[in-house]
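Right after this note come the structures.
Both of the next two complexes hold chain A, though its partner changes from chain B to chain C.
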Partner chain A sequence: MSVTLIGAAVVVFFVIRVVPGNPIAMMLPPGATEEDIARLTAHYGLDKTIFEQFWIWLAGVFHGDFGTSISLRQPVMPLVLGRLPATLELAIFALVIAVVIGGAMALTGVRHRETRTETAIDVANGVGLSIPDFLWALILIVLFGVLMPVFHISGRISPSLDLPFVTQFYVFESIARLRFDLWWDLLKHMFMPALALAIPLAAIISQLLKQSLKETMHLDYVTLSRTKGYSENHVILSEALPNAVLPTLTLIGVQFTFLIGGTVIIERLFSYEGLGNMAIDAVINRDLPLIQGIVIVFALLFTIINLVVDMTYALLNPRLRHA
Partner chain B sequence: MSAFLTVNNLSAALHGFDQRVLRSVSFSIDTGEVLGLVGESGAGKSMIGKAILGILPSAISIIEGEILLDGQDLQKMKPADRRRFIGATAALIPQDPLTALNPSRRIEPQITNRLVDILGWSKANARVRALELLNEVHIDNPERVMGSYPHELSGGMRQRVLIASAFAANPKLVIADEPTTALDVTVQKQILRLIRELQERHSTAMVFVTHDLGVVSKVCQRLSVLYGGKIVENSSVPDFFAGPKHAYSRALLAATPKYTDPDASLLPVDEAVIEAVAAEVLASDKEWRHGG
Partner chain C sequence: MLDGRGSIKRRLGARLWLSGTWLGIMALLALFAPLISPHDPLAQDLFAGRLPPFWASGSDPAYLLGTDSLGRDVLSRLIHGARIAFSVALIAGLATAIVGSMLGLLAGYLRGWVDVVISRLVDIWMAFPPVLFAILLIAVLGTGLTSIIIAIIVIDWTRFCRVVRAEAMNQSAMDYVSSAIVAGRPRRDILWREILPNVLPTIVALSTLEMGIAVIVEAILSFVNLSISTDAPTWGGMIAEGRTSIYQAWWVLAFPLGVLFLTVLSFSQFGEGLKDRFDPVLR
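And now, the complex of A and B:
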């Protein structure tokens, strides 16, 4: 885990310094003198060699100091951690939507296998998979933002509302405070970006889960439970599903990290105040410390997700429990 | 007394094909009686068991005939009622104990689930019954086995568990689908003895599907020989081993290995016999088409 993090840190640190573009030049107004540029460059330590810079940054990281954002002139970590909850809530909401839609489609497809219903589900999966999330975002904006304006197309919460929140986890906190008016407003903002992220994942889940369920339905223990007098629904849900869900679970883990990657562009499209939106600004401004901080947090998130998936897998599969 | 299970003129076919996979099969079994279904691979032995239990593959369906189980015509029941009725009346001992237990559930619910969910027993009673049955199938440490997962048990143990599970609800009919094929020879013998023991104790009617005539002679009272989904000979076991009437049956019997005389046994079935029996099956098809 720590190897992954250090690897990500090293790669990003050097790659963003190879990419052309000078943060100092972006900060200064036109007409700044050479002397101004040199002074500011020295202030941010950018006049040192790349290895010296890395060493200074790494030493800071081990003390919990991720540097100061060049464009926002604030410490990196509070900035990043302030935005992370918004992205997490969006990603989790998208994951829930994907699992619910994908799971329901897979179960329906298996219950009515080899009928037109299954064909319809296969077609829907194909459509869901072949359109990328950012295109879904635009389609949704046109449909539910412009033609039938039922959802908000921009921001995280309506700016006119008074916010009593002390944490950045607005959705969770609004539930905890029983402020369902705020919760509803947040949901109306989150729904479209979350759905755009969820549709491709839902299609993948639906397809894989349906396939493994169909294979499981032919196995002897499933047939045996049919002879015991169980209904087909019971056979699918309690005999086949617990076994068929395992490969899908691994896939969800991998795809969830892609989904979080997808939030970068989706947040931009919906002007959602999350980490991804901040990442794009950071890149545009060549804000090196901020980019590094964001990447480290994303990398940490991915390793945590993988760990959680492995642990869930072991929990559901008794053959791995004692291993 | 009328037979407990009667199969009358049962035919099944693949969807979209004219070819039947079961050809007007008829037989009946009384309570406490064991019928052997014998034939080579693909003769349709297992198919008959599956047709009775309502678990034919989705591509195959019954096209004519009737199955009377305990006086009820299965074909005339609603599918949901039929499933529950079969679940309460009959049980299957499957062929491969390694794949017939759900790998993600402990043994206990796999024995007791029919009792609790279908027959409405309390969990405590079902547990007592399961322990009793595991004793009956000579499992030394039933408590421990009940809490185990299938992968923690050997093949022989798993087949014992499956037999216990089959007899749990006191079924009046048990269909044993080659229950010893996947086991090694020493375990086979114990399992056979066990099935016979439980069948006698509970005086269960039983259909015993096998390709092994040696097993038939030990377990069954009567047998039916199948070829191409058609019964070519019905006979009592003593009569059959005294002298089968059909040429194909004679050839099958001659092909069975005998430990007393290994050189004179294990004869391959003569091609002329195969051709004759295949022709007979085709002739019956013609007759069936004109008749139907």
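And now, the complex of A and C:
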């Protein structure tokens, strides 16, 4: 785990130092003297060799100090932590949508297996899987942003609203404060980007869960419960589902990291003020410390998710429980 | 049972045909773009800006699918965009397949330290959000067609590497490989003549999938203004332009979006169809 993280840090640190374009030159007003440039370059440590820079940065990271953003002139850590909640809320909302849609489609497909309904679900899965979130987002913008303007297609919350929040977890805090007006406004902003992120994952969940459910339905114990006279719905939900759900759960974990990776461009499309949107600005501004900080936070997030998935798998799989 | 298999076969056939036809048409448009396209894709006509497509009132029959805000012909830009999209798709798709499969074959067949190094690299690569990585690489390499292709290879080789490595490991455990070893065939021979042909169907299917992904990556990079140049006729650039004028001229966004949608869908369905064709159980 730590090897992956350090590897990621090394790759990104050296890749971005090859970037042409001097961030210092972009900061200074025209007419700055050579001396000013030299002073500022020294201030950001850019006059040292690349290896020295790496050690200074790495030592800082272990103390929770990611350096100072060049374009925003603030410490990187609070900037990144300020944006992370927005991205996490969007990703979790998308995950919930994907599980609900995917689960419902899988169950419907199994309930009506070998019928036209199942064929329709198969076709929907195929299309959902083939088209990435970026295109779904654009399609949703055209359909529900322009033709049927029901949802917001820009921003995180209406700018006219007064915000009482002390944390950046707006959705959670609005529920905690019982401010359901704000909560509803947040949801109306989040729904389109979250749905775009959710569609491919929903298709994967639907496909895999339906397949393992269908396999489980052929097992003896399911036939037994059917001969006991339980209804088809009971057999699917109470007998087959608990045994069929495990592979899907593992897959959701891995796919969730892909979903979070997708937030980068989706946030850009919907002008949603999260980490990904900040990352693109950071690259455009050649803000090296900020890019590094954001990439490390993403890498850390992915590693933690994979760890949690492994642990959940061990907890849920009886065969691994005592190992 | 036999009937069921027949209907599956027919459905697969239709899928291959439909996606293949669309890709064929697009490839022809790309190939003969200068001959087919009615206008110069870069020519601006500021007096004919934001003309609607032919069926709407106020349209000009010279511009079948309307014009964008600078008065450039949407249809001509779409046709020339196919050129860029298909160049990126073919070159980047194949190059990524070669690089990724090569590393995957080596890791899965040789095992040992080669496998450890390559697998560790894959882990590190998986810790990056791919879009962010792509944008970062373009910032390093500069804009342009070659940079996009290199960026796609650098980011997506892991997709092939993971699958091919697993597949090569499976194949290495098979009896025919053991007997080749017993027969005293050199390792290089076993890898290229025995294992590779058996992994090839998977690689082919993944490659068409990758071509669809390459088209999307190009579109995403054009969208954040990092692709080729701002007025080059790329589908992604057209979409980015259309996104800004979506309330005044929806067609500037809708047409490239539709074409991109069908192309990406076709690439992936074509790949899936090919994979099933090669699948000995269904054949």
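Keep in mind that, in the parts below, the second predicted complex is superposed on the first by the 314 of 323 C-alpha atoms of A that agree within 3 Å, B and C clash if a C-alpha of one lies under 4 Å from a C-alpha of the other, contacts with A are read in each partner's own complex, and residues count from 1 in each chain.
One rule holds in what follows: a contact is a pair of C-beta atoms (placed from the backbone, for glycine too) under 8 Å apart; a residue touches a chain by one contact, two chains touch by 3 or more.
What you see is a predicted model; the values in this text were computed from it and never measured.
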On the A-aligned overlay, A:316 touches which partner chain: chain B = first, chain C = second, or both, or neither?
first
For A:132, decide between first (touching chain B), second (touching chain C), both and neither.
second
Of chain B and chain C, the chain that contacts the larger number of chain A residues:
C
Applying the touch criterion given at the start, work out whether A:220 contacts chain B, chain C, both or neither, answering first, second, both or neither.
first
With the two complexes superposed on chain A, say which partner A:229 touches: chain B (first), chain C (second), both, or neither.
first
Going by the contact rule set out at the top, does A:46 touch chain B (first), chain C (second), both, or neither?
neither
Regarding the shared-chain residue A:37, is it in contact with chain B (first), chain C (second), both, or neither?
neither
What is the contact status of A:3 with respect to chain B (first) and chain C (second): first, second, both, or neither?
second
Touching A:15, do we find chain B (first), chain C (second), both, or neither?
second
Considering only the defined contacts, which chain A positions touch chain C in the complex?
3-5, 7-8, 11-12, 15-16, 18-21, 126-127, 129-132, 134-135, 138-139, 141-142, 145-146, 257, 260-265, 268-269, 276, 279-280, 283-284, 286, 291, 294-295, 298-299, 302-303
List of chain C residues in touch with chain A within their complex:
120-121, 123-124, 126-132, 135-137, 139-140, 142, 212-213, 216, 219-220, 223-224, 239, 243, 246-247, 250, 253-254, 257, 260-261, 264-265, 268-269, 272
Tell me, which parts of chain B touch chain A in their complex?
53-55, 58, 80, 83-88, 90-92, 94-96, 99-105, 113-114, 117-118, 149, 151, 162
In the complex, chain A residues that touch chain B:
114, 219-221, 223-231, 234, 239, 242-243, 316-319
